[in-house]
Amino acid sequence: MIATHLPALQVVIPLLAAPICAMLRRGSHAWAWATVVSWTMPVIAVAILLQVLEGGTISYWIGSWEPPWGIEYRIDTANAFVLVLVSAIGAVVMPYARASLEREMPADRQVWYYTMYLLCLTGLLGMAATGDAFNVFVFMEIASLSSYVLIALGRDRRALVAAYQYLIVGTIGATFYVIGVGFLYVMTGTLNIADLAERLPLVENQRPVFVGLAFLTVGLSLKLALFPLHFWLPGAYAHAPSVATAFLAASATKVAIYLMLRFFFTVFGASYPLADLAIPALWIALSLAAIVLASITAIYENDVKRMLAFSSVAQIGYITLGIGLNSEAGLTGSIVHLFNHGLMKGALFLLVGGIAYSTGAVTVDRIAGLARRMPLTFAGLVIGGMSMVGVPGTVGFVSKWYLVLAAVERGWWWLAVLIVASSVLALVYMGRLVEAAYFRPAPASSAGDQEMPLSMLVPAWVLVGACVYFGLDTGLTAEVAAQAARGLLGTP
Amino acid sequence: MAGAVAHFGNWVTVILMVIGLYVVLARGNLIKKLIGLSIFQTSVYLLYVGPGKILGGTPPIIAEGFTVYANPLPHVLILTAIVVGVATLALGLALVVRIHEAYGTIEEDEVLGREGDS
Amino acid sequence: MSGAATMLLAMAVPLAGALLIALSHGRPNQREAVTLVTAAVMFGLVASLVPEVMAGGRPATQPWTVLPGLDLQFVLEPLGMLFALVASFLWIVNSIYSIGYMRANQEPRQTSFYVFFALALSATLGIAFAGNLFTLFLFYEMLTLSTYPLVTHKRTDEALRAGRMYLLLLIGSSIVLFLPAIVWVSWAAGTTTFAPGGIVAGVLTPGETGWLLALFAFGIGKAAIMPMHRWLPAAMVAPTPVSALLHAVAVVKAGVFSIVKITVYVVGVDNLARVGAGDWLVYAAGTTVIVASLIALAQDNLKRRLAYSTVSQLSYVVLAAAIFTPVSIVAAALHIAAHAFGKITLFFAAGSIYTAAHKTEVSELDGIGRRMPWTMGAFAIGALSMIGVPPAAGFISKWYMAGAALAAGENFALAVIVLSTLLNAAYFVPIVYAAFLKPEPAGGPDHGEAPWPMVVALVATAAGTVLLFLLPNLPLSLARQLAGLP
């Protein structure tokens, strides 16, 4: 039965497809191949999600070796949801990639882009699917190494520097992670995540466990760009090829956040890392700092891609804030925002990439008056912007609703007010774009600018539409996120 | 003193780790940074392999007369990690070559300085 | 057709209208015909709901659930009926006026003007029909967003600055104060659905009730209680039809409407009167009335003077509601309607003066009444309504207001009403006096009345102001139903 092998197929298909892709000598062939592969991914992911929703957690033994000796892929609602997000974004950006890359890189490099893209997809899906802590590291490095290449393929030389910096920081993060796992392994003798969760209580108050947790937390925080460990992110996102930025922004940090959730809640148990009051306080303080400071930086940023990158740092702050709140509503908010932010930031980066397709660099001054020439692009930008602000009827509202609810449940009114008040910051930086595009006169030099080709516009608008659809019909996202939150907290 | 000897392996691990991290952070030369990164990663190999050795244990081959074996799993894991480390180093060096082509230097501050007028 | 379906249709009609208007780009006659037909159909639909509401019916529908406990819900009750009637009727008149104004002043981007106008009206109806706080908030934000392009219509730096302040103050206050208040209600009461008598009575302590009311009063920035009023004078940079319908009727009335509605259906009038937690609101509103009147007195720009007059008149509504007796609620509801007719007339007149004579300052209006008798005649009636003198609608609402203040022993409110009446007279009577009785300065431009559609519109609203005084039955009975009076 093929259905029982879906968890393995999810990872193996893109892994095997990558070398085949490298052998195709023409960009168009590589693109077609990568598209076909990446379009099968969401089909598998959705099938897995349905299986999980119906029959509970899936445990898949790689090579039929019984865990904890063999590697286990263990998929519950939380990572099934992440698989759906990553694979869906991966599929949506592929039609967009063709025209966008034609413009941004020479033909001989496109093959490498698609190869690395498939490897990156493998790594991200593998990180989400696997139930083995060391296997996570391997997939993390597959995803990271390939994403360094994706970023380095950006159109100007600053992409190289950004990729190098990301490589240094990313490797330090992954190494910290593996050090943390090493400590846990020394203490428990197992690497299987479920097994770790069972054995850790036996050694729970010993110092190496704390040290391990500390290394894990810092390593993953680097990967997910938690303030103040976010410094690598704006450069990487600003200089990567447009389509790579959209894909990575929507998926890479999200998978790291999923791992953080998995370790905090499944491995250490809901109460352990967050039981000591000082840790959630620090965690919430860092999240708030991310939200406020990164948003303010975004307000003063003139390069639109960098602005959106800082906005990502701020939005990640909302997600980690929900983790710090450590309740069902808070985690639901985190998980649903993980998904929702993937949608809206993916949409925004695709749209901005579409503007770059015509204009080259995208600065606030350069897009003055462009709304007239690119009405569909900017209409999408307005909707994506409203999502960022959290206007009701868009996905941003749903996430914030749960976060505010979680804060109120705790009786932390000041936090609830801060969460909603911070939306005003998003209003200011998105408002700057909208005002420039719609209400400033277009300079004469923009006469030749026009809408991006349909093959790029349609994927961007699919994500824009999703921002509205999942804002109105929250049955899927909020329900699944709530179930995932319950699964992580271990409550029925 | 006895403790220091007993934990000799751990001391080496930690010292290498800190040296590596310091080099990454403190050096401006892109190659030297990569060297630091490699030292840092190497310390992790020791971190794993060290505890896998059991005093008096032999390589894990089942044979007459041997009952205590070293744990083989860390070696397997670290084999993977070494591969990853090599790949990272290779990619890092490749990027440095490209940066040198594009900027004509591999000093970080000079590279960042030249971005202003690019 | 059921009442619920009619409500949904009434909100959908302007949306469809907006689409048709957009498709009529480049064909002005067709575009404006579509606007007028849309406005007329919408008014017809709203008016057809009146008998059911008068008979005590409360058509309700719940077409969508966003999150568990967050429903899109519409319930038609008397206050919403009154607000919807006023807004949809005045849209017809305003559309006629707009056609004259926009053509005569050769404004650019007329299609987008009509499109966003229709969207704004749809949002206004959504506010009027909202059955719970969440729905109210949703359409409240939609109204802000759809009117932003109208405020920045001129695209000048000044317009952009005004637009920025408009968005920041309105969305900022609604997100920072209004939304937390909604979350609080939803968390404490377990629901946000409006219910007669309120839903937080007995749930919150008196102190908490006071804070909740404060969050609502200042979070609803559209009601322009000081210091949340600054967006309103800034928004006067918009074309006059926008100032007239949106910033004298739809947008600002949506603000005070929301406050009255929340007072009646969320916090509860009896509850507030009992716990005494909202007494400070009388002072906040009273201060706004007086201070805004004083500022109005000092303005030479006619539209700015009218804008500050609006700020002060809006706080009348809040002041009346804040007395927390049934009669005062009647007064608040009546004043929503009365001020709408009076103020739109005044703005129409200001726009008509600008179009015909290109004058914007009060000091330039000497003797203009003889050149533009219809315009200034209507202006005089509007001014009478603002002051609260028969035969204008403002008299009735002020009468109830003063009566409620007397009965409740609210001496401060009474003093505010008396003093502000004098101030209103002080800044409106000189305009009328100068227009009709002072000699025209020599060498001015030779001009007559504004184009006929504008004159028709402003005469119609002036007549409406008088008619509301003579035949106040419909708004009065709706208001009494709202207050639970026989």
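Letters A, B and C mark the chains as written, and numbering starts fresh at 1 in each.
By our rule, contacts are C-beta pairs under 8 Å (C-beta built on N, C-alpha and C of every residue); 3 or more make two chains touch, one makes a residue touch a chain.
Bear in mind that the values here come from a model prediction, so they are computed numbers and not experimental data.
Greatest Cα centroid separation from chain A: this falls to C. Ranked by how close its mean Cα position lies to the mean of all protein Cα atoms, the top chain is A. Chain B and chain C have CA centres that are 70 Å apart. Rounded to whole angstrom units, the spacing between the C-alpha centres of chain A and chain B is 28. Annotation: 45 Å between the Cα-based centres of chain A and chain C.
Along chain A, no residue makes contact with two or more other chains. Among all residues of chain C, none touch two or more other chains. Of all residues in chain B, those touching chain A in their complex are 17, 21, 24, 30, 33, 37, 40-41, 44, 47-48, 51, 74, 77, 80-81, 84, 87-88, 91-92, 95-96, 98-99, 102-103, 111-112, 115, 118. Listed in rising order, the residues of chain A touching chain B in the complex are 134, 137-138, 141, 145, 148-149, 152, 156-158, 160-161, 163-164, 167-168, 171-172, 175, 178-179, 182, 185-186, 191. Of all residues in chain A, only 386, 389-393, 398, 401, 404-405, 408-409, 413, 416-417, 420-421, 423-424, 427-428, 431, 435, 438-441, 471-472, 474, 478 touch chain C in the complex they form.
Within the complex formed with chain A, the residues of chain C that make contact are 64, 66-67, 70, 134, 137-138, 141, 145, 149, 152, 155, 159-160, 163-164, 167-168, 171-172, 175-176, 179-180, 183-184, 187.
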